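Alright, structures below, take your time with them.
The same subunit A turns up in both complexes below, where it pairs with subunit B and then with subunit C.
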Partner chain A sequence: MIKDFTSIKKNISKETNSILKTKKTKVFDSLDDVLKTYKEEYKYSPLLRKVSKKFDILRVDSFKEKKKNIDKKILNQYKNQYSIITINGLFQKNESKIPNGISVNTFDKLNNTDKKFFHKFFNNQDDSKSDIFTSINTINYKESLLIKIDKNYSKKDHVNILNFIISNSGESINHIRKLIVSNQNSKSVFIEEFISLDSIENFSTSVTEIIQEENSEIEYLNIQNDKNNFHFNSINISQKQNSISNCFTFSYSGALVRNNLNVKLKEKNCYSNMYGFYALREKSHVDNHTTVDHIDENSISNEHYKGIMDNNSNGVFNGKIFVRRKAQKTNAFQSNNNILLSDEAKINTKPQLEIWADDVKCSHGCTVGQLDKEAIFYLQSRGISKEKAISMLLGAFSEEIIEKIENQFIKEKIKKITYKKLEYFTS
Partner chain B sequence: MLEIKNLHVSVNNNKILKGLNLSVNKGEIHAIMGPNGSGKSTLASIIAGRKEYEVNQGSIIYSNKKLLELSADERAKQGIFLAFQYPIEIPGISTTNFIKTAVNKIRESKGKKPLDAVSFLKVMKEKMKIVKINQTLLSRSINEGFSGGEKKRNEIFQMAMLNPKLAILDETDSGLDIDALKIVAKGVNKLKSKNNATIIITHYQRLLNYIIPDYVHVLIDGKIVKSGDKNLAQELEKKGYDWIRA
Partner chain C sequence: MNKDEKILKNFTSKDYEHGWSTDIDVDQAPNGLNEDIIKLISKKKNEPNWLLKWRLDAFSKFKKMKSPNWANLKIPKIDFQKISYYSAPKQKSKLKSLKDVDPEILKTFEKLGISLKEQERLSGVAVDAVIDSVSIGTTFKEQLSELGIIFCSFSEAVEEHPELIKKYLGMVVPKNDNYFAALNSAVFSDGSFCYIPKGVRCPMELSTYFRINAANTGQFERTLIIADDNSYVSYLEGCTAPMRDENQLHAAVVEIFAGENAEVKYSTIQNWYPGDKNGKGGIFNFVTKRGICYGDYSKISWTQVETGSAITWKYPSCILKGHHSKGEFYSVAVTNNYQQADTGTKMIHIGKNTISKIISKGISAGFSQNSYRGQVRVMKRATESRNFSQCDSLLLGNNCGAHTFPYIDVENKSSIIEHEATTSKIGEDQMFYCLQRGIDEENAVALIVNGYAKEVFNQLPMEFSVEASKLLSLTLEGSVG
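Up next is the complex of A and B:
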């Protein structure tokens, strides 16, 4: 494992913006402390050991952008849809299609007012103080994006965030970084994907900070479906009064994927929904660590993760709920349900509640089980093969999460992907 | 059509069927009666293809095939249908979708094209009328929150949709009101043809007033100990089982 981080200091010296330089230096200086939390936080997912063996994760990349092309066939799948496109963490303005009311720019291209705006939020909400990978991302990202959603924005259409990764150019490590600000009364839908364009093993980190102003609503979905990918994803949401966040994490594959989802309900009357579904086969390993922090009163958080694990796959769920003293009348719900389809598949699930307020409704629960044999027999007795019966039952299990997606187009898309995946599960 | 010979079946080392013989021909209706725990549902499950049982001895031939070698879904494709004594609830799968999948899988096995949405709906509407089951019930998850009677009716509806060659009704009449009982009887009678056969497992001779069986069998302690015609059912209703046991 890594003990000496000095090599990435070079990256900081290259930073030309003095405020960012100060922030990065601070992150760098606390790396040793952050590393101390690693052992506990990554108990079941040895990501650092795995990736530091395979990749030079402290490598300092050149900042020069090389021209890269994405197969038109792949982009055609997203034709006529709004998309924000990055390749190896670099924003592709010409390939992107951005709706009126949303602005997307890299930090370098921001005017002074927007730069100030950026500084106000950047790195303040993320988990760089507690997660080594967010720290590394903060120091090593090549380009950061600011996505600004105007006041009162309310287009129903979703916006894809497509992060393409091309490793055959020698870049098998990529750091993707963005800040999303959802202004007052806006309502928006994003669906983010990470897509490797070659079958070379790679490691990517993605850190997203989402700032929600009063009365804003955001639906943010994440699809992970990349067999060769070692991936670290950290989404950090900070909500003001009366705002709503709906987060979805769908994981179907991954060499080792770690998701941190951290939601801070900073003011009154916030609503946070956190949903996840994972369907893992072969040696896939997906770890979902979530934190919801109730800071002020009268907010609701509702979390439901469900997963299916087959073969030698591994799942981890860890859900933390904090209810601060001031957060009276909090409602916080959490549950995690799992189906294991093989004796070798594993799930580690753990709720963690810390409650300092007294007038609080809290519930949590987790289940681990197998498919109901009686149900399989019932379906079979009507002429449905065992394989089909299993995939129907697994589909039904996923339904509860997928049904929660508000955007109809995305709901259908996820359903399709999920059912296609589930066809391959048998036991 | 169905020929069961000297069937011995056990579960977790408990012997349940102990040398059962039964022969059912095309066009016949057989009633099986017998005390609780005598093995009636076990027999039905074995025919339908439940795998938890161990067949220690004996054979079942169905339409010239060794039935025990087929999986449950293959048996359904060959025309076997079991209306369950206790239909299970399956959340998350709509009844309509389930039946559509079943109908089309069975069609597929016969080399027929799947029914499209419109023709499926047409057939469904027709059968819904016979069974008097309503659309809202069918749009719900399989049996989820159905009343006891609704579950039974759903079984008969599925039977009507799948048009089996050999239908086994395991206490489908229990828990049904008189109207529903008549509907079930009507369904069975409508299905009856030269090529089909039905096995009705029941405790009450009531149902047999509406569906006239060709044979009545008494199953006690894992064996068929007496067979007769419909009058046997009436005799059982009056006298119970002790006179046979003795």
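Up next is the complex of A and C:
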């Protein structure tokens, strides 16, 4: 495992913007502290050890952009839809189609007011309590994207964020960085996908910061379906008064995938929903770590993660709820249900509550079990084959999460992907 | 200050009841931790050579270890050189019976409500009383030995039953298990030993009462309970200490072995001195308790009521090795003022069809922090295993904290695990219901809190159950959320 990070210091010296440079230096200086939390945070997912064996994760990348092309067939799937496209972490303005009311720009292209705006929100977390991969991402990303949603924006259509990864050009490590600011009273829907265009093993980190101003609402979905992908994904949401966030994470495959979802309910009357569904086969390993931090009064958080593990797959869930002293009248719920289909599959789950306020209602529940034999028998007695019966029941299990998606188009899309995946789950 | 807060304050400001100390002549080892002290302890106890070697080996392992820092506790640095590792009331000669015990000591126990003499005549509880480092006397020894039950102090067992000690010591908690277990293995002074032979159902409750008396000492007792095939025993443990300004260390080890079809019930009422209202003084209670369900169909049940100690670090655990074996953990942990508790359990399912149940109730008041930390681990071989966990927290006042850290690791497809937890305060509707029936606020709180903890109290033997519920009302007198 890597203990010495000095080599990435070179990347900081390449940074031309002085404010970013100081921010990055600060991140670098706290790396040692961050590494101290690694042991417990990555107890079941030795991501750093695994990727540092396979990839030179501290490599200093050249900032030069090579022209890459994506197969038209793939892009045609997203025809007539709004989409923000990146290749290996670099924004492709010409391929993207962005609705009015949302502006997307890389940091370099921002005007001075927007730059100020960017600095105000970019990487505003406590660095020493950060995550090691978030820190590496902050230091090593090539391009950061600012996605700004205007006040009162409320188009029903969703926006795809498509992150293509092309490894055969010799870049198997990619750091994707985004800052999304959702202004007052706006309402938007994003669906993010990570797509490798070749079957070469690759490692990618993606850090997304979402700032929600008053009364804004955002639905953010994440789909992971890459077999050879070592992936670290961190979504950090910070909510102001009366804002609503709905986050979904769907994981179907991945060599080792780690999802961090951190939600800070900074002001009163926030509402946060976090949903996740993971259906894993073969040697997939998916780790979902979520944190909700109730800082002020009267907020509600609701979390539900469900998972199915088959073959040699390994699922990890860790949900943390913090309720600070000031956050009276908080309601926080958390639930995690798992189905194990094979004796080789594993689940490690840790639903965690930390509460300092007394007038709260908090609960968490967690189950590990299997499909009801009687339900399978019932279906079989109606002439349905066992395989079909199992996938029906698993489908019903997934539905509870999928039904929570508000956007009809996306709901249908996810349903299709899920049911197709579940057909293989028959033991 | 509003009315609620006032009642809360009154209720939570009750003083510690057992804070006095006894003036007795003691034989105390000089402060410091080194090989000579270990040799001295071993010599004082007339221990065989192998045990001294065992201690020294543990000590060398201890020196290489670091104090654990993963718990949700703020532990001030402990200077192990400033503690005396051996303290015993001076004895003129070897005691033959309780009549020879120093009357001052007997008075001490009488004051604590444990009259050794009376116990001998009346009730059906056999008591082993431990003061500082040494066992003072054990009651009902003869009656028990007729059934083949061995119940005596640890040092006595070392002398009289070395074969049993040699076989079972360190079997469940190896000497290098953790930092404090290693320390205990090196310097343990006394404790209780209990052996229930095959097929015997122990007719009475066995009980050990621990009392720290001398200042600047640590108490390091070691308890070993062996229940052979088809036997049953219920074991109780109680503890108190005088009020002192400095922190005292208590690092005990309890090992339980259950053979085929055997059942062991272990109940603790822990009431060490918790420190004063400002968090000064108090006992550091760093205890390793573990039982192994070695044989098929065996059962170990832990019940604990934790009200004392400045800091508690304690995880009574069960290793469910035998098929169809059963582990249970019932706990009420109460913290007040500046107390900190990080307590819970580990259930390791190894055998097939093993069952475990965890009921944990945390109550925090004042400025205290109360954490539940538990692990349920189902190994690949442990097919058809079952676990149910419930850990609830009750917050009294808004300066305290309640935390839950459950680890659930499952590695096979036929086991069923359920875990649930809630955190809340006493409901306004519950209070209102009591008030409108003419129960005043203070009693209403006591009633509700007792009801909340009842599931655990029901597991305690009758005498203890009454004491526990009294203790709970005393510790929390006046808490309205």
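The definition used in the following text is that the second predicted complex is superposed on the first by the 422 of 427 C-alpha atoms of A that agree within 3 Å, B and C clash if a C-alpha of one lies under 4 Å from a C-alpha of the other, contacts with A are read in each partner's own complex, and residues count from 1 in each chain.
In this text, a contact is a pair of C-beta atoms (placed from the backbone, for glycine too) under 8 Å apart; a residue touches a chain by one contact, two chains touch by 3 or more.
Since we're looking at a predicted model, the values are computed, not measured.
A.B. asks: Now for A:Cys362: first (subunit B), second (subunit C), both, or neither, which partner does it touch?
C.D. replies: The second partner, subunit C, only.
A.B. asks: Touch check for A:Met392: first (subunit B), second (subunit C), both, or neither?
C.D. replies: In the superposition, A:Met392 contacts subunit B only.
A.B. asks: Tell me which partner A:Gly101 touches in the superposition: subunit B (first), subunit C (second), both or neither.
C.D. replies: neither
A.B. asks: Quick one: subunit B or subunit C, who's touching more of subunit A?
C.D. replies: The partner with more contacted residues on subunit A is C.
A.B. asks: Once the structures are superposed on A, label A:Asp343 by its partner contacts, choosing first (subunit B), second (subunit C), both or neither.
C.D. replies: A:Asp343 contacts subunit C only, not subunit B.
A.B. asks: Considering only touches as defined above, state whether A:Glu400 meets subunit B (first), subunit C (second), both or neither.
C.D. replies: first
A.B. asks: Touching A:Leu379, do we find subunit B (first), subunit C (second), both, or neither?
C.D. replies: It touches subunit B, and subunit C stays clear.
A.B. asks: Spell out the part of subunit B that touches subunit A in their complex, as residue ranges.
C.D. replies: Residues 48-52, 71-73, 75-77, 81-82, 84, 87-88, 90-93, 98-99, 101-102, 105-106, 109, 141-142, 158, 162 of subunit B touch subunit A in their complex.
A.B. asks: Subunit C touches which residues of subunit A in the complex?
C.D. replies: So the residues of subunit A touching subunit C come out as 40, 325, 328, 338, 340-370.
A.B. asks: Touching residues of subunit C toward subunit A in the complex: what are they?
C.D. replies: 70, 380, 383, 393, 395-425, 481
A.B. asks: Okay, in this complex, where on subunit A does subunit B touch?
C.D. replies: Within the complex, subunit A contacts subunit B at residues 372-375, 377-386, 388-389, 392-393, 395-397, 399-400.
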